[in-house]
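All chains are identified by letter, namely A, B, C and D, in their written order; residue positions are counted from 1 within each chain.
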Amino acid sequence: MSSVFITQSAAPVYAIGVSLAAVLLIKLSERNPNAREFWTIAASVIKFSIVASMVPAVLDGKVLGCTLVTIVPGLEIAFKVDALGLFFALMASLLWIITSFYSIGYIRAEKEHAQTRYYMSFAIALSATMGVAFSANLLTMFVFYEIITLCTFPLVGHKETPEAMAGARKYLTYLLGTSLLFLMFAIVLTYSAAGTLEFNNQGILDGNVSKAMAIAIFVLFMAGTAKAAMMPFHSWLPAAMVAPTPVSALLHAVAVVKTGVFVVIKIVLHVFGIKLLADIGLGTALAYYASFTIIVASMIALRQDNLKARLAYSTISQLSYIVLGVALLSPSGITGSVMHMVLHGFGKITLFFTAGAIYVATHKTNVSQLDGIGKRMPFTMAAFTLGAISMIGIPPMGGFISKWYLVGGAIEADHLPILLVLAASTLLNAGYFLPIIYRAFFLSPPEGESAEGICEAPKAMVIPLTLTALVALGLFFFPGVFLELARIVVAGATGGY
Amino acid sequence: MSIITSNFPVLLVITPLIVAVCIPLLGRINKRIPPVAAVVSTAFTLMVSIILLSTALDSGPISYWLGNWAPPWGIEYVVDTLSGFVLVVVAFMALMVALYTPGTIRDEVPNDKETTFYSLYMLLVAGLLGIVITGDVFNMYVFIEISSLAGYALIASGKKREALTASFNYLILGTVGATFFIIGVGLLYMVTGTLNMADLASRLPEIYDSKVVLTAFAFFSVGLSLKLALFPLHIWLPKVYTNAPSAVSSLMAATGTKVAAYALIRITLSVFDVEFSRSVDFGSILLVLSCAAIIAGSVLAISQTNIKMMLAYSSVGQVGYIVLGLALLNETALTGSLIHILNHALMKGALFMVVGIIVFRTGVEEISGLRGLGRCMPFTMAAFTIASLSMIGVPLTVGFISKWYLAVGAVEAGMWYVVPVILVSSVLTAVYFWRIVEGIYFGKAANVTLKGPTGLLVPTMIVAALCVVFGVAASVPVSVARLAASALLGGGGM
Amino acid sequence: MAIDILLLLILVIIAIAAIHMKDLLACGVLLGGYSLIMAVLWTNLNAVDVAFTEASVGAGITTVLLIAAISRTKRREDDPSPFRHKVQMSIIVLASTAVFVFALLDAPNFGDPNAPANQHVAPRYIHESSHETGVLNMVTAVLASYRGYDTLGETTVIFTAGMCLVMLLRRKNE
Amino acid sequence: MVELILGKFNYLIAIALAMIGFYAMIAKSNLIKKIIGMNIFQTAVFLFYISIGKVHGGTAPIVWDKAVLYDNPLPHVLILTAIVVSVSTTAVAFALIIRIQKAFGTIEEDKIIEIKRNGYKGDME
């Protein structure tokens, strides 16, 4: 079964530990904001370097890993760095650096309260994200999945207004409720059937379960990963908009939802395995189910006037692309899925950053208020345009690459209706992003507002958002490392096919 | 073996008894002696019980003949894996609560009665240890009554008048339970002529179809379920836990129901055996009751506004978990059940100790009054949070371990539909604990003035920390529990 | 045997009267009578030690305690509990009765010398206790020696009850 | 049926007494009545034990040269212990009743419940 030899390495533990250490330092330097924020930045940079240092070994085909604790034999907290996990970790840790700068700008500009708690929660969330990325078994994944939920609660409810608390409670109810009810149930059933929780390239359930049981477990898994925001468990995501914008960026691009889809990919590839899912036709079912979410969420997004709400529904729709890709169970589909994780990450974080920048600079939140804003905030809106184009999937933006592979995947898997879904959704994406760009650049600002003069948000915000937009652009031309990692993921997953 | 170590089984019970008798005298000399005596003697019993358990693990069950009369003529004390395990749990919690007691009873018990309190405390501990260690059913009854009587007075020792009626109700139902128990003993004696558990176990299988045996089984089960507060026989419990002094609720919540659970397991699987329990469909009845207990306990807990009441109803639900493993009757589930005896003792002990600290320092018992306390009492609240997470069953805490084994055991038994019950109750538990945790950390602090320094924190933190330690390094208790479970199910229980 | 049957029937009547009457003091006296007749019955059943204890402890001390309690509280029982409650409790009691009687269907007859209860452990007490302990009264022998730890437990119970009373009733030294 | 009643008359009466007591324990509202019921209940169970130990033609379990059969001494021993336990429980119960009377002014369960429901949350004494 597990023919892959695991190279012992504590690097994943360090990657997780570094931001935990930062939590302590942040708490200790509570009274000194500069020091506090220095620790955040330092931790993010160190974390990224640790993650990046693992790239060569993984590209070599090695799998790094170690066992942290054995609770009882069979229940372990253990880490394993494979291509898929590294892929996710690389993206998340890179985005954390950028988000940290942006956070500092945003939080200082808005003079938010409880800043120490904010940075601490952020750092824990990143640790837990690494934990999910590097988890070697379902239990480890579950633990870190829950930690993410718990430590993002104070972030979502940061403002502590009744509205914010209500949103945060809804967030917690959906995520914690579904994972305790369904994900844990699925894990128990998986353990009972397979006798192990260890991820494996060929899946661990194949040959151990009846068809009905496989379907039951699969449905439970999908219902349990509400973080992937597949309908009908999506409404926590718009509710979580009450959070400050950098948090939304974290939720939508870096940690939370990406963890959800990452878990879905893990379950499809490493718990069930392509063969089992293809045998019982679950891949196809999931693909069509994801298509449903793609279309419906896009249509809802069209009708949102609040910019962040529109972005939120866009995320719901885009996440289902990722699910769709892996559900196609074909090499190109999986490549597209994995690539979309990172490309959507950069695109969406740009969009949220710009939304935050607009808010900080003008306190505007609605699409209908954005007339003519392009002239006052040229950098921001240029970045927005790049991000939106990437979302729609038009060259020369990174988003095109993943769409391209998804189309290839649909053809390989012989699911031509999926092509229609992709086409329709591209049109819908264009339908809800292009009007914003049009308003910003081609309409004149409302009366009473000066049209002239640059009025950008603080540099600490504008620079990160420009960077992410440029990365989203750059990834079209140099997808190298990510594509190579995706290739290894595909090779592993389809090896036993 | 020296004369001391060879007599450890009896010393385990006699030590607290002697200390209980001496305390009233010592208290006359100096009021500071009784608490110290309580701590020292419970520490000694803990040490002894650990030694006994490890001896039992190394070289098989220890049988100790009291007065050197061979069983079944004389009374026998037995330390096997199961009883050794429960002894350690009881002795440990007794020590922790003994450390904790001096801080809280100052406020809760009239000054002139503190000495009596310690004497009764030691009697309660002696009774509980006696129930666990004895291998004779009638002797078990005597110890049940010792622990119960001491318990009734301890519950009523506080200043709340509701404690009196709570104690009286408990006395009535507890006596019904104990009397049912001796009816069961009488019926078994009628058809076997013996009172020794091992002897009963060897003589019963021939007459398993006798109606007398069936009835005895029914009386044992009902009587012990009353002591155990198994839903719907739980009605005495919430008032008792709510109104008793904190130290008493902590000890009783941590050990009282656990020992009753031990007695039920011992009688149903060790005196009777697993085949008999299966043949009378004992499992299905218990399954329904335990699931009802788990859900009802959680639902009732949610609707409470008093935090002690909430914890008490949560105990009703947790008792359901212990019984659930017994109902499923397979090794994995029974392991879960036994490990939950330890785990729930730790979690609920910690929670009641925390609540005791809160009440002691702020005088608040209502959940709404806890807002913002996370800032003024960080360590206490950290202990509370850890124990709450454990109650929910978050991995890396002890609560997860027991739920995991119960859930996997349920699937093994082909009763996968029990898993949702466990999970739904986890969610409900999350609801009622989250409500508090959120208030503690996010609420605007109410105007409470904290009074008094607190030495209560040390034992509380130790217990709370163990919730995590045994959640991470679960191999040790789990392996012991698994050994005990396989012995029970393999028929070699005694 | 006729006297036994008669005594047993009287016991039933007294028991019913004792729980039925409203005057608690009368109930207490009836309870004392109940214990005394029980003691007589036990003497008839050759359980002399037990009968003696019941007469002194059961009939004596309990009655004294009861009267003490009544003198500190009140003498009359108020309105009876609601009818519904009574019906519910009656159902529980009848169910328990049914279960208990069910057991008798397979129980050995009263007084059967070959009943298992009299065969397994008891013969050793009967035949050996006088050699092994040197006490002629087998009950004393078993009580003090074979099952001496029950007696220790019993003593502990008394001590516990004493401490309970101190805890519950002792007044402050003012 | 006749054999059941005649052969097990003692047991049947013991059960009847036990259940009368049990009923009083759980159905009566007056706390003293409950304890009276408890005593009847427990003493009836003792009767049950003593009856188990009786042997037709047996003599009291005291060594005696002319004895052919002895009654079983073990139930006697157990009941000696149990009587003491029973009295101890009764004593504790009465102590509680006295305290309840002092705290609530009544010893009727339903009235106490009423008093609790009508508020008054204070410490006694």
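We adopt the following convention: contacts are C-beta pairs under 8 Å (C-beta built on N, C-alpha and C of every residue); 3 or more make two chains touch, one makes a residue touch a chain.
Because the structure is a prediction, the values reported are computed rather than measured.
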- Could you quickly compare B-C and A-B and let me know which has more C-beta contacts? B-C
- Query: For which chain is the distance between its Cα centroid and the global protein Cα centroid smallest?
  - Reply: B
- Task: Please report how many Å separate the Cα centroid of subunit B from that of subunit C, as a whole number.
- Result: 30
- Distance in whole angstrom between the CA centres of subunit A and subunit B is 45
- Using CA atom averages as chain centres, what separation in Å is found between subunit A and subunit C? 73
- Cα centroid separation, subunit A vs subunit D, in Å, comes to 69
- Message: Quick check on subunit B: which residues sit in contact with 2+ other chains?
- Response: 138, 142, 145, 149, 152-153, 156, 183, 189-190, 195
- Note on the structure: Multi-chain touching residues of subunit C, meaning two or more other chains, are 100, 104-105, 107, 115, 117-118, 121-122, 125, 147, 150, 153-154, 157, 160-161, 164, 168
- Message: Quick check on the complex: what are the subunit D residues that touch subunit C?
- Response: 4, 7-13, 15-24, 26-30, 32-33, 35-37, 39-40, 43-44, 46-47, 50-63, 69-81, 83-92, 94-99, 101, 106-111
- Can you name the residues of subunit B that touch subunit A in the complex? 392-396, 401, 404, 407-408, 411-412, 416, 419-420, 423-424, 426-427, 430, 434, 438, 441-442, 471-475, 478-479
- Would you pull the subunit B residues touching subunit D in the complex into a rising list? 138, 141-142, 145, 148-149, 152-153, 156, 159-162, 164-165, 167-168, 171-172, 175-176, 179, 182-183, 186, 189-190, 195
- In the complex, subunit C touches subunit D at residues 4-5, 8-9, 11-12, 15-16, 18-19, 24, 27-28, 31, 34-35, 38, 41-42, 45-50, 53-54, 57-58, 61-62, 65-66, 68-70, 72-74, 77-82, 85-86, 89-90, 92-94, 96-97, 100-101, 104-105, 107, 109-113, 115, 117-118, 121-122, 125-126, 129-130, 136-139, 141-143, 147, 150-151, 153-154, 157-158, 160-161, 164-165, 168-169
- Message: If we count contacts the way the header does, which residues on subunit B are in touch with subunit C in the complex?
- Response: 17, 20-21, 24, 66-67, 69, 72-75, 110, 112-113, 116-117, 119-120, 123, 126, 130, 138-139, 142-143, 145-146, 149-150, 152-154, 156-157, 183, 187, 189-195, 199, 203, 210-212, 214-216, 218-219
